[in-house]
Amino acid sequence: MYGIREKTSFNDPSREAEKEVRLVSSAERSVKTTTASRVVLDATDITRALTRIAHEILERNKGPDDVILLGIPRRGVPLAHRMAKVMAKVEGTEVPSGSLDVTMYRDDLRLRPARTLEPTDIPGHGVDGALVVLVDDVLFSGRTVRAALDALGDLGRPRGVQLAVLVDRGHRELPIRADFVGKNLPTSLAERVTVTLAETDAVDAVVISPAEGGIS
Amino acid sequence: MRRHLLSSADLTRDDALQVLDTAEELRSLADRPIKKLPTLRGRTVVNLFFEDSTRTRISFEAAAKRLSADVINFSAKGSSVSKGESLKDTALTLEAMGADAVVIRHGSSGAPHRLATSGWVRSSVVNAGDGTHEHPTQALLDAFTLRRHLGDLAGRRITIVGDVLHSRVARSNALLLATLGAEVTLVAPPTLLPVGVSAWPVQTSYDLDSALDKCDAVMMLRVQHERMNAAFFPSAREYSRRYGLDDRRFDRLPDHAIVMHPGPMNRGMEISATVADSTRSVIVEQVTNGVAVRMAVLYLLLSGSDAARPGTEEAVL
Amino acid sequence: MTTHTYLGSPERTYLLRGVSVLGGEPRDLLLGAGQLLDPADAPGDAVTVDGDGLVALPGLVDLHTHLREPGREDAETVHTGSRAAAAGGFTAVHAMANTDPVADTAGVVEQVYNLGRDAGYCDVRPVGAVTVGLGGQRLAELGAMAHSAARVRVFSDDGSCVSDAVLMRRALEYVKAFDGVIAQHSQEPRLTESAQMNEGVMSGVLGLTGWPAVAEEAIIARDCLLAGHVGSRLHVCHVSTAGSVELIRWAKGKGWAVTAEVTPHHLLLTDELVATYDPLYKVNPPLRTAEDVAALRTGLADGTIDCVATDHAPHPTEDKECEWGAAAMGMLGLETALSVVQHTMVDTGLLDWAEVADRMSVRPAAIGRVLTQGQPLQVGAAAHVTLVDPSAVRTVEATESQSLSRNNPYRGLELPGRVVATFLRGRATVLDGKLQ
């Protein structure tokens, strides 16, 4: 009906990209590696790492009291649920887990196409007075965690906040560190770290691959 | 990346669903202690209203403020606009003020389109109702409200009743609901259906009773007083009898069907007081949902807007 | 081509070498002393124009031009408008009466006539208003205008319709006394209150008040019947719908003295363009559908529509740089008319150049009773000649115009044809594509 009107779309193929991105100059982008993709953690490794982190969380906090695991969408969420299950098994009591979407708190909203919001699901009686463990798949620049801390602050006042990640690939841009790390993975900026999980991607794996066409 | 929202026709099914899904997440904000997000901090949203519409302006204002944007209300009444300043000069003023988004309500169809395509402003333009053309955020909030009650709108039957000819709400809704897969029926006296309506993706009917039996929702349009004396129908009474949602017709609706109205209502004219106040009337809820939907629209339009401008760092995914 | 210091001088003699007269075999034309002369008599100092590839037409005659003077000299003057006319290949234009003051008295029409004569770029033939102040209430002094120095023969309330049937009947009857013609702007006023665009699918989608075809056709039907009844000459301005073409065909079939014009823009542009909401496309009558465009082309080709008239309607920038509803109606046309006709009618095979001459010169001159214009290009005729290069192609630039206004709906379009020279009574107003 609108033959003349320009058809454009909110949707952009890049929108579903991983949630943490780096802004790189074209010079940086041109650095290319020829290394082929390699699996650095398989399903067994991931399960082992999550089990260890679950134990560490219980140890550090002297049990599961007041602990809430909040995964950062999308892949932090299944990780949080899995760890909560392990903790529940060890302690014989429910450990609440949920999700915390940080999209609206990002510092790069002006620079990137709009992202679809993911659910925020705070279990139990909210975060006031709780010990919140933020869970994410990859810790990189630290900007996602910064956004998560802001988002959390608008939901209430936790007694403490800790950070658990499956992979820490380095290259921090903010003074942020993880309390619990599944695996430290030294990487080049020209590499890409991809986490796939059974819940979202059918298979558990952490893969390092050369960035194609400048993808970091 | 889309920069403007001028017509429901601009929205693909995926676009529309993205707005609705985003609004769904944002609606939960109303239940939080801090009802504000930092998303549009430092951005300026101008509400440029050439026509009075307190409810739409307030809705946009609340939406922008909940996203932490700075809001400037620019109303034609008492401003230079009422002294004959042209749309162009007003636009240039807004541009000089650094508006990131202009929410425009105008009595002339196409004025938002003109603002967006003339090169006078670089900001995003949101159509908040233009003449007898469109009101896309109203359609989005209606679709949002319908979805909350009916689920997926594909195959749902929505009946829109009243002055389709002059209704921007009807135009935007017909296009958007069809995009979302709903079966839309427009019901009006023949004088109040546009010539060429057969090209719209909708059914039409002159008979309200026959359109009520199987519908999932019925949306009543306001009858403007100025139409009553222009021979579009013989009298307000006759209109009300033939096209009003009275108690008798309300009883014939399926049990799950909901009643909508974009407001402001003429009680006793297009809708009876009993129907307007019934539990199946979602008219007040439409207002609440309007804020979430407009937040979603502002967020989606303004995100990434810097990436397209020169001088900013290149975003690499 | 020879360049000469005194090219524009009326004393010059021009030898147009090897021009294709009305698209026929190349031959020479000699223009001197305001007349077409025998080329064999060409003097040695004649200015020679290489006519290779050029088509010679009798100077074009426009039945419908808005020169805006007096009153809106910010939009156009008789001087600038007649320069635009010359640049477009016209040697005569009819200046519409909706000026301020309205051309409804001998005084105003004589003023316009004199301004045109002083400008000297083409014959400016004032059109007289039918009713006082275009008010549609009382007949203007038609006889006084007819017998003024301007010798008005075409009367029109263009911009408004003479909607009162009795008044229209009287006007048609009255002008018989001096062989005048009523040129009607056919628009039923009640059916077009606050109308913004063609009523149809697009108006419904765009939410703009419709201007239905029936509002034009109802008036045309009535006027044809009136003209038949009283035996008067009726000219239908800017026919824009397929239905109007049918009605005029029917009236002509009855043998009634009905003539009609179509504008270049109605031969090319459609209401789809209104989706841009750019008021450049706002015009009255409005742009119609592709079906209407096709019917208008057919009607012009088969002679149902007698002529092309530009309805050249200059408006200052501020009247178009605004929202659609607030914008003025009208578009420029003089400088693009021949190109649009070539594009829509000649290049499509609907008209040959001889028929273009008929529709753009011979018939409009006859309807307007412009005595020396629209004559065959033969020895002894007044030397009104337009030379066009049909092989030229240009991208239309709004800024490249002799008009004071810039409301050119063809801007950015690539159109064929270029006016290389225009001669008014043997004097070059345009030579080598340049206004003299």
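Letters A, B and C mark the chains in the order given here, with residues in each chain numbered from 1 onward.
One rule holds for everything that comes next: contacts are C-beta pairs under 8 Å (C-beta built on N, C-alpha and C of every residue); 3 or more make two chains touch, one makes a residue touch a chain.
The structure displayed is predicted, hence computed values, not measured ones.
Visitor: Per the contact rule at the top, check every chain pair and give me the one with the most C-beta pairs in contact.
Guide: A-B
Visitor: Grab the C-alpha centre of each chain and report whichever is closest to the global C-alpha centre.
Guide: Answer by centroid distance: B.
Visitor: As a test of understanding: of all chains, whose mean C-alpha position lies farthest from that of chain B?
Guide: C
Visitor: Just the number, please: Cα centre separation of chain A and chain C in whole Å.
Guide: Chain centroid spacing, chain A to chain C, equals 71 Å.
Visitor: Which integer distance in Å separates the CA centroid of chain A from that of chain B?
Guide: Whole-Å distance between the two chain centres: 37.
Visitor: Averaging only over C-alpha atoms, locate the centres of chain B and chain C and give their separation in whole Å.
Guide: So the centre of chain B lies 45 Å away from the centre of chain C.
Visitor: Multi-chain contacts in chain C: which residues touch at least two other chains?
Guide: Chain C, residues with two or more chain partners: 201, 205, 276.
Visitor: Multi-chain contacts only, two chains or more: what residues does chain A have there?
Guide: Correct list: 1-2, 5.
Visitor: Which parts of chain B, given as residue numbers and ranges, touch two or more other chains?
Guide: Only 9, 199 qualify.
Visitor: Which part of chain C faces chain B closely enough to touch in the complex?
Guide: 196, 199-210, 212, 276-278, 318, 321-326
Visitor: For a test of understanding, state which residues of chain B touch chain A in their complex under the given definition.
Guide: Touching chain A from chain B are residues 1-3, 7, 9-12, 14-15, 18-19, 21-22, 25-26, 28, 32-34, 36-39, 67, 199, 299-307, 312-317.
Visitor: Any idea which chain B residues touch chain C in the complex?
Guide: 9, 86-88, 106-111, 113-114, 117-118, 130-134, 168, 171, 194-197, 199-200
Visitor: For the complex, give me every residue of chain A touching chain B.
Guide: Residues in contact with chain B: 1-2, 5, 7-12, 14, 17-18, 21-26, 29, 101, 104-105, 108-120, 150, 154-156, 214-216.
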